[in-house]
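Each of the next two complexes has chain A plus one more chain, namely chain B in the first and chain C in the second.
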Partner chain A sequence: MDNTTRNTPPLLMGAVLVFWGWQIGYLVLGLSAAIVLEGGRALRWRWELAEVDYRRIWDLCVIVTGILFLFFYGSEDWTRTAFTFAKWLPLVFLPMVMAQWFGSRERVPYGVYSWLLRRQQRQQARLGYPGHASALIRDDHPERGLNFSYPYFALCLLATASINTKQSWFYAGFCSLCIMALWQVRPRRLPVLTWGLAVSVMVVAGYHGHRQLTFLQAMAERTVSKWITNLGRRDPDANESHTSMGQIGRIKLSGRVILRLETDGPTAAPTLLREASYQLLRNTTWRVARRDYVPVNPDSDTNDFWTLIPNQPTPSSVKIARYLNRGNNVLPLPAGTAQIANMASATMEYSPLGVVRVDQAPRFVNYRAYYGPGELLDSPPKPEDDLQIPDAEKAALAQIADRLQLEGKSPKEILAAIRGFFQNEFQYSLWQKPPAEKGNDSLTPLGRFLLKTRSGHCEFFASATVLLLRQAGLPARYATGYAVDERGRGNSYVVRARHAHAWCLVHVNGRWEDFDTTPASWNNLENEQASLFESLTDFGSWLWYQFNRWRYGQSNFRQYLPWLLIPLALLLAWRVIRHKQRVQPAMAIEASADSPRLGIDSEFYLMERRIIEMGFPRSPDEALGVWLPRVGPAAGLGRETWEPLLFLHYRYRFDPAGIAPAERQELQQRVQAWLERKEESAPSRS
Partner chain B sequence: MTSTNGNSAQEVFHKISRNIEKVMRGQAASIRKLLAAFASGGHVLLEDYPGTGKTTLAKALAKSIDAQFRRLQFTPDLLPSDILGVSTFDQREQTFRFHEGPVFANILLADEINRASPRTQSALLEAMGEGQVSVDGYRRELPELFFVIATQNPIEFRGTYPLPEAQMDRFALQFQLGYVTPELEMGILTDQEIKHPIDDLKACVSAAEITALKRAVRSVRVNEEMKRYIVDLVNATRTMPGVQLGASPRASLTLMKVAQSLALFDGREFVTPESVQELAIPVMAHRLVMEPQAKFSGQTAEGIVREVVQKVHVPA
Partner chain C sequence: MTLFQRYLYRNYQTMASIRQWLERRITPVGALAITGLVLTALRGADTTLSVTYQAFAFLAILVPVAWVSLWFFRGRFSIQRHLPRIGSAGVPLAYQISIENLTRRNQSGLSMFENLADRLPTLKEFVENPEPGEEKRNWLDRRYGYYRWQWLANRKRPARVERTPVPPLRPGERLQLKMQLLPLRRGVLRFEGTTIVCPDPFGLFLAWQQAPAAQSVLILPKRYPLPPVDLPGTRKYQPRGVALASAVGESEEFMSLRDYRPGDPLRSIHWKSFAKLGKPIVKEFQDEFFVRYALILDTFSGADFSDRFEEAVSVAASFACTLLTQDSLLDLLFVGPQAFCFTAGRGVAHTEQMLEILASVRICHDQPFQSLAQRVLHHASTVSGCICIFLAWDQERQDFIRQLKALDVPLRVLVITDPGVPLDPGPLRDHPEWFWPLEMGRIAEDLAAHGQ
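This part shows the complex of A and B:
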């Protein structure tokens, strides 16, 4: 009974479950599942489950898989969590295999596994052949359907493989389990030695095959990463910033929400979030003098808390939520950021220019920056970099500096003078007129801004201010980032793409200060660009943000997930079993035969089973009189042997007049003789 | 008990079979099916290309059993009276006299049945179904031994009237003779180098023996499980996708009867699954009406029946 209902050799399922539990580090879980399944073999009763029960269990398994998939897909980088997802699949499908083992059916109808098949069957029934379909081709016939045990076995091996960390134990275990599974179905017509040889070849080939595969993968990864580094990069470049200075026409920036800020309590958010700062201007591009980064180590216990400046008081903090690209990302941070919390990246590093960048971070982050008026990451000014003025701009700058009489003033007076100069004489605009007279105009875009047009966008203001400050002898740097201006609900703020801003850093009183000379009207002007549908897109963006916050947020929840499934499984088990009665398995099979089958105890079946065991299976549609001529020669069974036996068997089975006692005896004796002869000729059989 | 009876019946089968095989080389399987249908009282439709030996087969059967054989070539202008017969006024006797048409024969070869108009076709098919014809209000019985072998060219050919489904159902079996191997074809040439061997064919069984054979076929036993298998097969054709109209209960009945006949041919007094499987396609395929879409996608009725046979578990 056991071998027919379960179809897997004894202890195979238990072994694979223990193996799985051991490898994933939940040995107790694997062991308990194994004990439950293998222990079930000792029971003599089965639950009488109907097709609908199996369907329910299967649907539940699939739904849980779906939830698990969404959950893992959401929680982190999918390529990493795919393995975690696969790891738990045996637990998810455990109810189904339990139903198979403790249920009365040897095979579960195909319709249970496929919604499409179910629908097709329903349609056929509706088309008007309801009870007419033959019991044999109807899906609920006990001989049709899928026994879930072997697929589950494969699933367990797959799940175990997914967490494998290059241990040789895994391959050994994997091979032993496969051999265990194959042993029972080995072709009996071959000597054990041949079979063993074939299996050994398979094991060796598999071992070398997977090593070569690993090698191939490494090669492919190298090639692909080379291609990717050669492709253009999309994220803000911490080494240089191309400005739009000198572009003619209107600058358009989208209203897409890029950052969302949340402050603690009613304290105002920092007005400027810096991403990067630059030192050297060449034509219209700002660059850094040196590209060196200092790696930051995460605090050992949490792995997502990073200290940039140790021992700095940080009275304020702000939560910043944003989407990241793959690879390197530069973080927008308030001035004086000393610590960053809740940043689950692999690495973090900062440059002496105050750029903080992370690598291999989740696609969505919601980090908290602690900042205070203490030290900054920025290196002290270096005269050769932070006072440098491009030759092309020198004339215009000298002219302005003269006019403002910056020479000999104190830094405070210089700042006031420059601020006043830009406030009073310049206009903010996103529109650049083409130069009025062509040809003899030798001015640079910046020079034209300072001397002629006197209107431009923030990059003009910031660049001009930096150079004017340097002209006056104050070290200055060009900074880019975002202006925080739009207040959302409560303590939250939103930053849109069009809030991208540029300003300057000036070194006064031994400290780098933000110095923004862009007229305050710039925000209003930018906001006028808001599209009519902005509120609508904002809403969508907000929903997406909420989803991502949930999806990437609860990192702790994941580890409790397996335990959450247990009550779910219990609930289902209760629902299925509530109204069921225990039945003896023999009864369940008896009930399904719907036409009388005479002569079912014929000895011929012993012979048939023996031939099948020798490795010559008979397909269910193959009549004995077709099968025997086909396999007879290979099985060493001549026509003269089987033909009289088949005739007697058929007479016993299909002749309504029945078989004479003498003929029945002859059938018994002949089959017995044949079986004994077989036994002698093949003593090596286990 | 019936074993002597059965043996002699099998002997009759084999005598005819051997006799026909003298003329029809390499067609043992077809002859087997033809004789099975013949002994079960069903009619046969041969669908094949010209020149494959349909007429020779029919003639050889007729000659083998000492029976009256008529051949009727169907043409578009053939009238029902050309088949059934016609009454003429006898001036001398001042009465109507009925001249029997070709249908009053033991074995009738209806060649190219799909060339005649539907009206003519139905006259023959009615005779086949009822075993009698009605002319001028008189009912005239056909001979007790009445067997029709109809042939038709594949219906893609021009100028044909395909038989309606209801009439296809009246044929017990439909099968093809098909081409023989080149070696056998060479043998056919050798046989007919000087004269046709059919000319030398002698009757080997009497009409009485045939009547006894038909009686023996009816006494072949079928048990419940085999009946169930037959019904399962026939029913399964009704639910197959691509089938507009499945096989009828008449198909079940025919399948059982011809299987009985075939069992006797093989020397058994009861029906086994092999006989049913062997006959499933010839008995059922021509009765299925395929959905046009399935036809266009290349599905054939034979394929459907083959699929059904594979789908239904055979009793073993």
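This part shows the complex of A and C:
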């Protein structure tokens, strides 16, 4: 095995493997691989591997890479685990480089590395492309292919670069190995000194360059990180909510599944999941008065259990699965949520308006909210915020309040009157007509809803209810979130984008209560908007959900993945080694000498020896079938004698099926008889 | 020709040019370095996660420096190529090239390769020539024609060219270099010039210098070994006679020694000369009987690029070599832009000339098969036997054979067929030994089998 076939200079591959093992903290592993590969240079034999064997080995490497990828991708922070994944790639591809080093081919055909190329070759064969014996000379260069050694060398270097260390050893080692490799391919036209100088300058420049990179990143992070992380944000803003009030036309929301709920046993899921609540209305936007947040500390035992309200009984719980954005995320929760489990976020905080938000959480969560009647996160009402009515809406509200005679009524009566008012005189609609009188219509969208159209979607109802309650002297807030209405299989529920809802929080009897005046028909109307293909998209969404459950460790499948490697490795080893033979000429001859040769004990050889002894030698390259006709007449051996015997002998000697015992016996007897006849006639001749 | 086809063609053409540019500009080590640079740039963006950015920093300096260093390659060269007159498809073409260093500095570490013309299909060829078996491909492949492009590009590729290292050149020095390329197709092989390349100091990229040297060489068709063809033809009276007929009678006379050509029988090899010269030399004999064969080549195929037609030309070339070696007169009849009849043998013309014609023969689009048939029938009275090489075995061709048979002309009918499609001998049922179907991809085997 000469060095040219390796195509890497001596010790380069060994050095990179030792470097890799040392840097990732498995020196023994790297050293062992290095010894195997570099030690192999001394060996004289090679495995006779066919293209199909290389394919199998490559396929195994790719499959193992895939499994490894899924294993690490399934972890919570792919950004970090991607480096751990890359770190192990040299080990995964070690079989391939060993096949290259210990196999008989200097270059492995490109088709081995690409399934697409293989498919193309198969197609060409199917389409009947001309073979080699054709007028069309195919450009099949015998040496076309890839020597995997250098790519593997680069892979080892990149894998080593996946470590995270503050020491400079990596840079020194990386540069040294690159220089070793470049030294081999450098053109000889440049003097060694000049070349060395140029490389040294680059190494120094690279050193300063990477130090500058660290500094640059810190600077860039300071300036644009906020901007980048908020890019593409779609989570509700806990500080303000822009409503669609005043928009003309159809309000359309998709049927995309946003949340999946699962309750314990047959208990019903909460009907409303609140994300945020607001106090102040400006034009068509609800805002909060203050943006204070109270941090929540995770339970000391587990980092994913959070207590929002201590010592509160929580008889009910619901599991909520959803996808999160980068950065801050507001959690939809049932009213009275006191604890949240299985939420692996870095931070959690809540606002006095009952908004719970998390930061640096996985992109998919499946948390459990424990809730019950009792204390709420919401702060007590403040008259300056929770009773405020915009000036533009006062006239319309006063008119309605007068009509309903709300003044002087008890809170219970007020609630009943307002509920009755909206239930009886309003209807739910996703369609907003343009104002009838153009130009001189001074009414706000809400005023028009209350006095003229009497038809609108939930934001109208919730906003109008909040303001009417405030008009009647009851503190109220505008709440947004989701209505839970669609039941799935078993104890599960599905919440879609079109189930987004707005309602009102009213402070009665010393606590905040949900008060929803939107006509009950709203959900039916919304569901009528469902797409024809919703069941299809639901299935896709379910598959994605199941995948994410697995990926983010919410299922048990991931832990079984590594076990898949064992049967795969065994299968490959069996398929490659099954009918392989090592090319080892000296040993092969010895082995063949030991193995039994069929028919070597044929009696015909006795006959041959006798004829030779009679003075009719047989030249080494002369077949029996040529020799016997030549010498037979002189030796007194007729064709009728030797021909059947030779035929039996050939069959005994070369026919894989052999001859029957009776035939063998016949061969023995007839040869013996001939020999005896010769023995008898010999003295007389002498 | 739709706009979409034009668009596809431009795309494929651009991609092929970019690919060639990259292949000729970037060494495998350079490709690895660039891949490493891109990967480290992607993975090393966050310097807090790994030390990948350190690898990126080194590569980000190495790669541009290597590229910039190409600008400092100063080389001027003069090239002169000494080509043989002809070559053969599938047989390495060896020739010499002299290179002169026109600069005042030593040049070392150089290598060179030939630039060949007619490498890519034209738009017309792309539109009009579907790949064989294209109808079996899926809708997307048919619509986008990528495989058609690939097939055409392979068909058009004239030769395999390798980079040849150039020894160090002193200022003003002129050197003779042995070059070799493998012609892949018959026809005229056109050289545009030669490119001299020099790697950068780190061996990542290649600097170029083009030296124009337009030349061409004729590449003869590939020939198959043929079994002895024993046409039961009789000597015919040749009205105009044959010049230079050296002898009469039935004796076999040694004529000359010449270079081995594929298709020559092994028994003709002159082993002593082989040992002396290191290349195969064959003995040529002159059989002093006087027969005249007609070699009829069917050129009527639908597409510009027909694999069958190429096979037919190769078979015709094989017959031309063999029959002329047996010293008979051979008339090659085919229809190109017009009907041709070219006679060779017994000093009238040489095998090479016939092969040169076969090297350039093209498919006939504008005339019917009848034009060839009429020409042959007119000629039939003077020939001892006919060898017909057909691209199909349809009624028209069968009728033509019937007519030839009626004139009592001994025949060999070779039909190039698709693999696994049995053919009925039709009018040759009474002479099955005259009918030689040859399967695509198994031509050599079938020829040998029919000779037994």
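Everything that follows uses one rule, which is that the second predicted complex is superposed on the first by the 345 of 686 C-alpha atoms of A that agree within 3 Å, B and C clash if a C-alpha of one lies under 4 Å from a C-alpha of the other, contacts with A are read in each partner's own complex, and residues count from 1 in each chain.
In this text, a residue touches a chain if its C-beta (ideal position, glycine included) is under 8 Å from a C-beta of that chain, and two chains touch if they have at least 3 such contacts.
Remember, it's a predicted structure, so these values are computed and weren't measured experimentally.
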Check whether A:86 is in contact with chain B, with chain C, with both or with neither, and answer first, second, both or neither. second
See if chain A has more residues touched by chain B or by chain C, and give me that chain. C
In the superposed arrangement, does A:608 touch chain B (first), chain C (second), both or neither? first
Just to be sure I read the superposition right, which of the two partners does A:219 touch: chain B = first, chain C = second, or both, or neither? neither
First, second, both or neither for A:186, with chain B first and chain C second: second
Touch test for A:625: chain B only (first), chain C only (second), both, or neither? first
One more residue to check, A:656. First (chain B), second (chain C), both or neither? first
Let me check the overlay on chain A: which residues of chain A are in contact with chain B and also with chain C? 127, 129, 133-137, 141
Chain A partner contacts - residues on chain B that touch it in the complex: 221-226, 228, 231-233, 235-236, 238-239, 241, 268-274, 277, 308-316
Which of the residues in chain A end up touching chain B in this complex? 124, 127, 129, 132-137, 141, 143, 595-598, 608, 618-626, 647, 650-651, 653-657
Taking the touch rule as given, give the residues of chain C at its contact with chain A in the complex, in rising order. 27-29, 32, 35-36, 39-40, 43-58, 60-62, 65, 89-90, 107-109, 131-133, 136-137, 147, 154-155, 157, 160, 182-186, 198-203, 221-222, 307, 310-311, 313-314, 418-419, 440-445
Which residues of chain A touch chain C once you look at their complex with the stated criterion? 79-80, 82-83, 86, 120, 123, 126-131, 133-137, 139, 141, 150-151, 154, 157-158, 161-165, 170-171, 174-175, 178, 181-182, 185-190, 194-195, 198-199, 202-203, 205-207, 209-210, 213-214, 217
